[in-house]
Amino acid sequence: MKALVLSSSPRRNGNSALLAEAVRGGLAEAGHEATLLFADDFLKGFLRDCRQCRKPDGECSIEDGYRSVFLDRYLPAHGFIAATPIYWYGMSAQLKAFFDRTFCYYAASYPRSSDVIEGMKGKRMGLVLSSEETFPMVSGAVIGQFQEFVRYCRGTFVGVVHGYGNARGDVRKDPGEPIEAAHRFGREFFTKHATDYQIDTVRPGRVWG
Amino acid sequence: MKALVLSSSPRRNGNSALLAEAVRGGLAEAGHEATLLFADDFLKGFLRDCRQCRKPDGECSIEDGYRSVFLDRYLPAHGFIAATPIYWYGMSAQLKAFFDRTFCYYAASYPRSSDVIEGMKGKRMGLVLSSEETFPMVSGAVIGQFQEFVRYCRGTFVGVVHGYGNARGDVRKDPGEPIEAAHRFGREFFTKHATDYQIDTVRPGRVWG
Amino acid sequence: MKALVLSSSPRRNGNSALLAEAVRGGLAEAGHEATLLFADDFLKGFLRDCRQCRKPDGECSIEDGYRSVFLDRYLPAHGFIAATPIYWYGMSAQLKAFFDRTFCYYAASYPRSSDVIEGMKGKRMGLVLSSEETFPMVSGAVIGQFQEFVRYCRGTFVGVVHGYGNARGDVRKDPGEPIEAAHRFGREFFTKHATDYQIDTVRPGRVWG
Amino acid sequence: MKALVLSSSPRRNGNSALLAEAVRGGLAEAGHEATLLFADDFLKGFLRDCRQCRKPDGECSIEDGYRSVFLDRYLPAHGFIAATPIYWYGMSAQLKAFFDRTFCYYAASYPRSSDVIEGMKGKRMGLVLSSEETFPMVSGAVIGQFQEFVRYCRGTFVGVVHGYGNARGDVRKDPGEPIEAAHRFGREFFTKHATDYQIDTVRPGRVWG
């Protein structure tokens, strides 16, 4: 399977980036085609007002590498793992801009929007977080927001890995061993049991075998 | 230290009860005085309208074991761990009634309410959950609600243990090994790093030593 | 249309009960068959362990009025509005028990569970809240939990009315005029625009006509 | 009083911008010094890795208007109202970047960080939202995140105005009349009753007079 891991921290060797790399390693170990990208390498700006900047042919005029990553890496991926530090109780602006700018391709004014919509559907998704603080709701908004995105796209939310750290590399000393958890998460990403039922979903009485 | 673990499932051998017992075991192993109680053993009904049922001397007239557990077990405890199955995306009605009925003692119409308020303040708190489903927000409301309770009481939210299961004993087979996690959570409950800062909280740059 | 409004506060003349009555009035004014019930009138206890108390014929053995209300009032209703005071950042234990005890009829061990499941599906749902405090997340857990219930049941979450008050009748003086809002909510309950899209939902570019 | 209203949509005449302008008008009508700014006018990029780009004198080297707005407008304001469209269940990346980049001044490596921290504390805050969808949790993550920010900064979360719309100007036709609500929100912003208690907060038994 193809998986895209997106590290959205401005720090390339920060805590969430270390966890993202561990997820990538786990995916590769399990035989998947896993790519780790850094948002700052290809994403240079915010969503704009499409009425101002969409070209006559329907293409987005923002000149950076987002178009290529979104169309050639995100859409074809079977799995997507977003890694972000928790800043002010939310995802990084980089990661948010990654989502916001899907609009340039997803909107009906983009000529191939129906292909884009098909490509956005049905992925397995995961979230990798780092934060200084430990109170459980520190991640509530990020997880809630991501959950809604996954459901909207008819995807499967595989799970969350959360390491605690502030200074670079701190997560390596986190007694909860998030680096190991991230590696395992990558390894099991495409096979892990993950459910989101509705009242008429048929399922077994036992969760485990 | 004294810890109260409250199992609030109607099943005495259900998944959250198994996790609660593991937390109790971990607390005991670390040398703490840990008690595991089952809500159904002492809590027989809902909060009523105090104007109807408070006695002339200010005591609650609901006749069950809640008064004794709340005053003699909950208030003196340094730590409180609530275990609940997630039913309909919330805590069990038993656990909710446990919280609701604090009002009978916490309200100003109870003669010793100021002692009660003192006793409710500053505990370490933990949450133990079981659920059939795995999507991360399945626990969002329970954790959010508990977090608010902990903050209101100026306590410390130590963390959450979450096992997946539906049939009795299912959590024993959960590959995430929640029984082991619950045991460890108990052992480390009074020493685990747990933070909830405000802008003027002085803290070190590194989370881990 | 048939609507059931459930007041789940132990106070019959409390703030959420006043709002519930206003919703009922609005529903009736719009020509709907609206019933207001008080949870304490028919719900006397918590969900138990079905393995202990289900009768040989599959019926629930808890003796109170829940069975009749659930089967004869809740299931046939096209709309359901739950009213609750926010106690400790959650719904009242009464309202939670109302949901928990659906299990006695929804579980496969109840002979007519497939009819029950059909009856639970597709309702319009609303939430009526009162709280002393005003910070917006005071209702976050209740709304989140209810939202998940509505989605699980493939229903439509029409909206929330929230009045602020503590002493009985306080909401009457709330400058946000929640009694009026509750009345209007009832009147518009079955016609109000309410959406919860997924990526492939076809919809107009304009929300309003 | 001084209030800063920040419109963070890329559309200058979009739905959240209309609501932001209505809040500004209400503030002015009540005699306050209210400024409405558009994020895209002064915020050109994301937070970077401070280790790479902080100047030797501790100043941030990102060259856009953020520094001036943050230091000269945000810090001195007694009230701050953030307006954002809900994109993918979160605030716009522009608004998130506004928060992320506080770090450049708030971090200890900025020479006057203690003044910055003082300036960030204790403001009244409000949130203005627009969204296409109406299901109540569409705003859950944004409100939750903002709530945490407000609490961290020991501020007061005055409330939320939420209009529904998708095409430009749609909110004008929203039967919930959010433009009027936004205007009123502005007018009452500095006097509106707003609470977030803890267990030992002394308060009256009645919320309203």
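Chains here go by letter, A, B, C and D, matching the order in which they are written, and residues are numbered from 1 within each.
By our rule, a contact is a pair of C-beta atoms (placed from the backbone, for glycine too) under 8 Å apart; a residue touches a chain by one contact, two chains touch by 3 or more.
Quick caveat: nothing in here was measured; it's all calculated off a predicted structure.
Peer 1: More contacting C-beta pairs: A-C or A-D?
Peer 2: When A-C is set beside A-D, the one with more contacts is A-D.
Peer 1: In steps of 5 degrees, what rotation angle do you get fitting subunit C onto subunit D on the CA atoms?
Peer 2: 180
Peer 1: Centroid from C-alpha atoms only, then distance subunit C to subunit D, rounded to Å. What do you get?
Peer 2: Those two chain centres are 33 Å apart.
Peer 1: Roughly how far is subunit A from subunit C, centre to centre by C-alpha average, rounded to an integer in Å?
Peer 2: About 35 Å, centre to centre.
Peer 1: Compute the distance, rounded to whole Å, between the mean C-alpha positions of subunit A and subunit D.
Peer 2: That pair's centroid distance is 26 Å.
Peer 1: Considering subunit B alone, which of its residues make contact with at least two other chains?
Peer 2: In subunit B, residues 137, 140, 144, 152, 197, 205 touch at least two other chains, as defined above.
Peer 1: For subunit C, which residues count as touching subunit B in their complex?
Peer 2: 10-12, 14, 40, 44-49, 51, 87-94, 96-97, 99-100, 102-103, 137-138, 140-142, 144-145, 148-149, 152
Peer 1: Enumerate the contact residues on subunit B facing subunit A in the complex.
Peer 2: Against subunit A, subunit B makes touches at 127, 132-137, 140, 143-144, 147, 157, 159-160, 164-167, 170, 173-175, 193-197, 205-209.
Peer 1: Which positions of subunit D touch subunit B when the two form their complex?
Peer 2: Listed in rising order, the residues of subunit D that touch subunit B are 108, 117, 120-121, 144, 151-154, 197-200, 205.
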